[in-house]
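Please go over the structures that come below.
One chain, subunit A, links the two complexes that follow: it is found with subunit B in the first and with subunit C in the second.
Let's look at the complex of A and B:
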């Protein structure tokens, strides 16, 4: 084993210390405090009495908690895989274009991504408005009546997931395009000479070679969507929120609206564990398949 | 050289100190946007101009709702809150329970010429928690019935005094809606029934008309209050069920239904008065007016809330006597000059500002000003008020009942149990 000399050690220390210090101060320390907070009956600000596991017991009896867990996972299911697949499909299409058309089409797909969530909410809120929404014309033509999409419980999650995909898919497309451009043209030429069909080329060359990108995209999406809050909150506010809330929304409601910091922290701890667990699992599972 | 520098520094200090002694700065936070924000900015400018040598308000406008109240709470806890801030009276109980607000005494008020008797009793009552005053009311904002005068006149619903007539009582109101329908207005009433908050305001008005107690002795909708709540809910849900009002309408759409002439009535807060006034001034709106919500039950009553002024309890940062005097002066001045604030649709809380000739000539405010006498305020609880669990429960139970998704009886029982379960 190679031994590091003194000057290398010093350099490493100098370079690492600021990061470790900031990481410790801004992430590790608050995380530990949050875990400790979850064992107390604290308000949002200030100390609270130690209550042991009482918050956790309350949590698992809390009907809203199970609704929030289910909604969060349901939303992940509705958004992560479709947005990953769609990202790849669009990237494959865009990649075939040349010159300025490619730039224009890529920009068109990426444009929604730069919008703030409030604007996305306004756009789709008006488009689907039950009284004045432009999309109500086709909806009325197909279903015979106007549908208040965000006030119809079974449609709520799918509709918000659809909008989320529309909003964020541009980023996945960019990542995939970068991945596709990394695949050498010579490989495709060789395949063509050997008489491979388009499908074979995709299955044997493109798909395995963009697999690391797929893992990356799916993991980013998974973590992002497990933390879903903004869109659900905006479209759901004022409505039957007990039926459509997510885990982060429940944290917000208990900690900030109801001033129950300890209980809010408990939900946050469980969400943290869930995100760490699910993303490590997914990353391992996907990577293992890729290496085979 | 050094001497010179020190001399300049000392001079600078003296100037700063001298300035501070002569002039108090009052740091002000509010959550007032839109038409409210524009008008408050004008009031603050006027105040600063008339107190050029004594007091200066330094105002910041922050995000309305839970973000504002969270920021007020966290900043006061570390002594970084403002000197004075706007506050909803309905949100006062939570603010007091978290120790965010400093008490204001009757003597404090008297020192700047204010007294509890300067306000409507229910209004001033909502400014107190456990008998102590924590805020000074600034306005009352309630829901009112906006009407399209042209359509009502066609249906014979405008009386000799030029105001709508024959709307009181469930049957009369229904008959009026039918007349309008027969006259070609397919859905004559527009309400924001896609959300719980607006439904709560109408519900609580109708509930108050039956003297209902939403929360009494720690119990939600206890005894026959449940029946009163069901009756109030049924009135609203019947409008939707019988096709007088479209279901699941979003907020902007509910206003557009009225301003486009598709609906003859619109129930909404007085804060939309500037919208109508501005449209009418541009020649883009029919003749319109606004009156108190009709009396459907025993006597008039309307839901109301208040924008008020509160002084944060800045921990570890005692307010000097001079600063407190300045803050109270700001509050008193705003109240005494609040007739102008009424142009935003609100009713001034300060009686004298509501009873002068300038206000009496102000339309449509003067037409609904009498609702101040019978206004009902949200129950005094940490669970009630704007953006509170009660509002959430209204979205979860009341709103679906109005839209016919669940029965009023089932909805009110669900609302009662949900809120009771949240009592600590």
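Let's look at the complex of A and C:
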């Protein structure tokens, strides 16, 4: 076994101290405290009695918890799959363009991704404004009347999911373009010489070769959207929030608005477990293709 | 390939290109529509019909956003917290990345695995205990409270380690022969060789900090300490909805990150690839 060099160890210690201190104080400690808090009946700030698994049992009877789980999964379904497919389609389209047209078109698709959620909220709040929104013209033409989209329950989730796709699809496009550029032009030339149709080329060459990117994009989006809060909250605030809340929103509601820190932490633990589970699956899926 | 199938090929290609261009216009339109609205008078904004351009041009909405609201203060708060986060994250990550990549010390592998594993932890799950911790430290409603939890950046450490790993060993040995210390190695060799990565990570960290909503929203309740992302959505006009004013605050809130992106497109792209796990 190799001996450690004393001066090297001291240097390492000095270099690691800021990171480890931040990490310990703001990551490991809150994580452990979160788990402990979930076994108590505490307010947000202050001590509470140890109640064992009572909070976890309560969770199963909590109607709002099942609403939150359902809404989160519904939102994931509405956003992840369409944004992955759309990301690939846009990337295929952008990849055909050349020079400045390509840069301009890519920038158009990507620019929303860089904006804060609050800006996205303001822009789309205006686009779909029940009174003066420009999209009320086509809505009126189709439905015969103006529709307050964010105050109409069946439309709320699809609308926010649509806006989320508009906001974030640029990220997927970027990853797909990187993937498409890695496919050598020679393969396509060979396929063309063999008289392959466009559809055959896509199905036999492009699709299998970008599959790893698809897995990556879909799982990144999945993990991101399981944590959905910002857009839902912004568009939903002031409305019938109990019908549209997500898991993170429920954590916020119970811990911060209802002052039930212990119960809020229980929901946070479930969210934590859910996302770690998905991340492990993601890791497995990505490793599987690496070993092939 | 026959002439006929070649023609069909080109026709399909033309359709795809047209659709892509239409898509780009559709994507950019909300941005255009928001910006153009900010240059209209409030009474023109709510006029019947659609004015694709302002019938009367004005910067009144911007004047109002800048001088009659707390936007300037929120801007300053956003700028201070985002810069602090960027600087602190980069320093602590580069130092840790260098130690894990190049130095030999007990627990190195364990630390690396912990960092890799922590990548999976959803930060929004920690909001309650971050809040409790900040309350215990007496930091609620301070900019420090906004900064602290945003310093957790395992990905930045991972990227630095990766890039430090790929610096050729010959350079290191040559520098050590010349009597360089570990500090000189880091600051004169490893960091300068990776300025590009530092720039890319700095830009993406700044954008992330500027755009963050959930934590600043929880940590701050007094209007004077708010970030611009929280301020423009949580503080509403007492005089009813003023569309041009609301949108002009939003445009100003998004402007810094949009400008940073347009100036440093290549770096932003590179940073996004890196954080997604694709070495670009």
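Just so it is clear, the second predicted complex is superposed on the first by the 248 of 292 C-alpha atoms of A that agree within 3 Å, B and C clash if a C-alpha of one lies under 4 Å from a C-alpha of the other, contacts with A are read in each partner's own complex, and residues count from 1 in each chain.
Keep in mind that, in the parts below, contacts are C-beta pairs under 8 Å (C-beta built on N, C-alpha and C of every residue); 3 or more make two chains touch, one makes a residue touch a chain.
On a predicted model such as this, the values are computed, not experimentally measured, just so you know.
By the touch criterion defined above, A:256 lies against subunit B and subunit C together after alignment on the C-alpha atoms of chain A.
Legend: residue contacts after superposition of the two complexes on their common chain; A:239 is shown touching subunit B, with no touch to subunit C. In the superposed pair of complexes, A:151 makes contact with subunit B only, with no contact to subunit C. Judged by the touch definition given at the top, the superposed model places A:44 against both subunit B and subunit C. By the touch criterion stated above, A:129 is placed in contact with subunit B and with subunit C alike. Of the two partners, subunit B and subunit C, it is C that touches more residues of subunit A.
By the touch criterion defined above, A:186 lies against neither subunit B nor subunit C after alignment on the C-alpha atoms of chain A. Of the two partner chains placed around the shared chain by superposition, subunit C is the only one that A:271 touches, whereas subunit B remains out of contact.
Looking at the shared chain after the overlay, A:137 reaches subunit C, while subunit B stays out of its contact range.
Comparing the two complexes, residues 44-45, 126, 129, 131-132, 252, 256 of subunit A contact subunit B in one case and subunit C in the other.
Residues of subunit A touching subunit B in their complex: 43-46, 125-126, 129-132, 148, 151, 237-243, 252-253, 256-259.
Only residues 66, 70, 73-74, 77, 94, 97-98, 194-198, 246-250, 252-253, 256-257, 382, 387-389, 392, 395-396, 399-400, 403, 418, 422 of subunit B touch subunit A when the two sit together in their complex. Of all residues in subunit A, those touching subunit C in their complex are 2, 4-5, 7-9, 11-13, 15-16, 18-20, 22-23, 25-27, 29-31, 33-34, 37, 44-45, 90, 92-94, 96-97, 103-105, 107-112, 114-119, 121-124, 126-127, 129, 131-132, 134, 137, 166, 171, 174-175, 178, 192, 195, 198, 216, 220, 223, 226-227, 229-230, 234, 248, 251-252, 255-256, 261, 264-265, 268-269, 271-272, 275-276, 279-280, 286. Contacts from subunit C toward subunit A in the complex involve residues 1, 5, 9, 12-13, 16-17, 19-21, 23-25, 27-28, 30-31, 33-34, 37, 45-46, 50, 88, 91-93, 95-96, 98-100, 103-106, 108, 111, 118-122, 124-133, 135, 148-149, 151-152, 157, 182-183, 186, 207, 210-211, 213-214, 218, 228-230, 232-233, 243, 246-247, 249-251, 253-254, 257-258, 260-262, 265, 268-269, 272-273, 276-278, 280.
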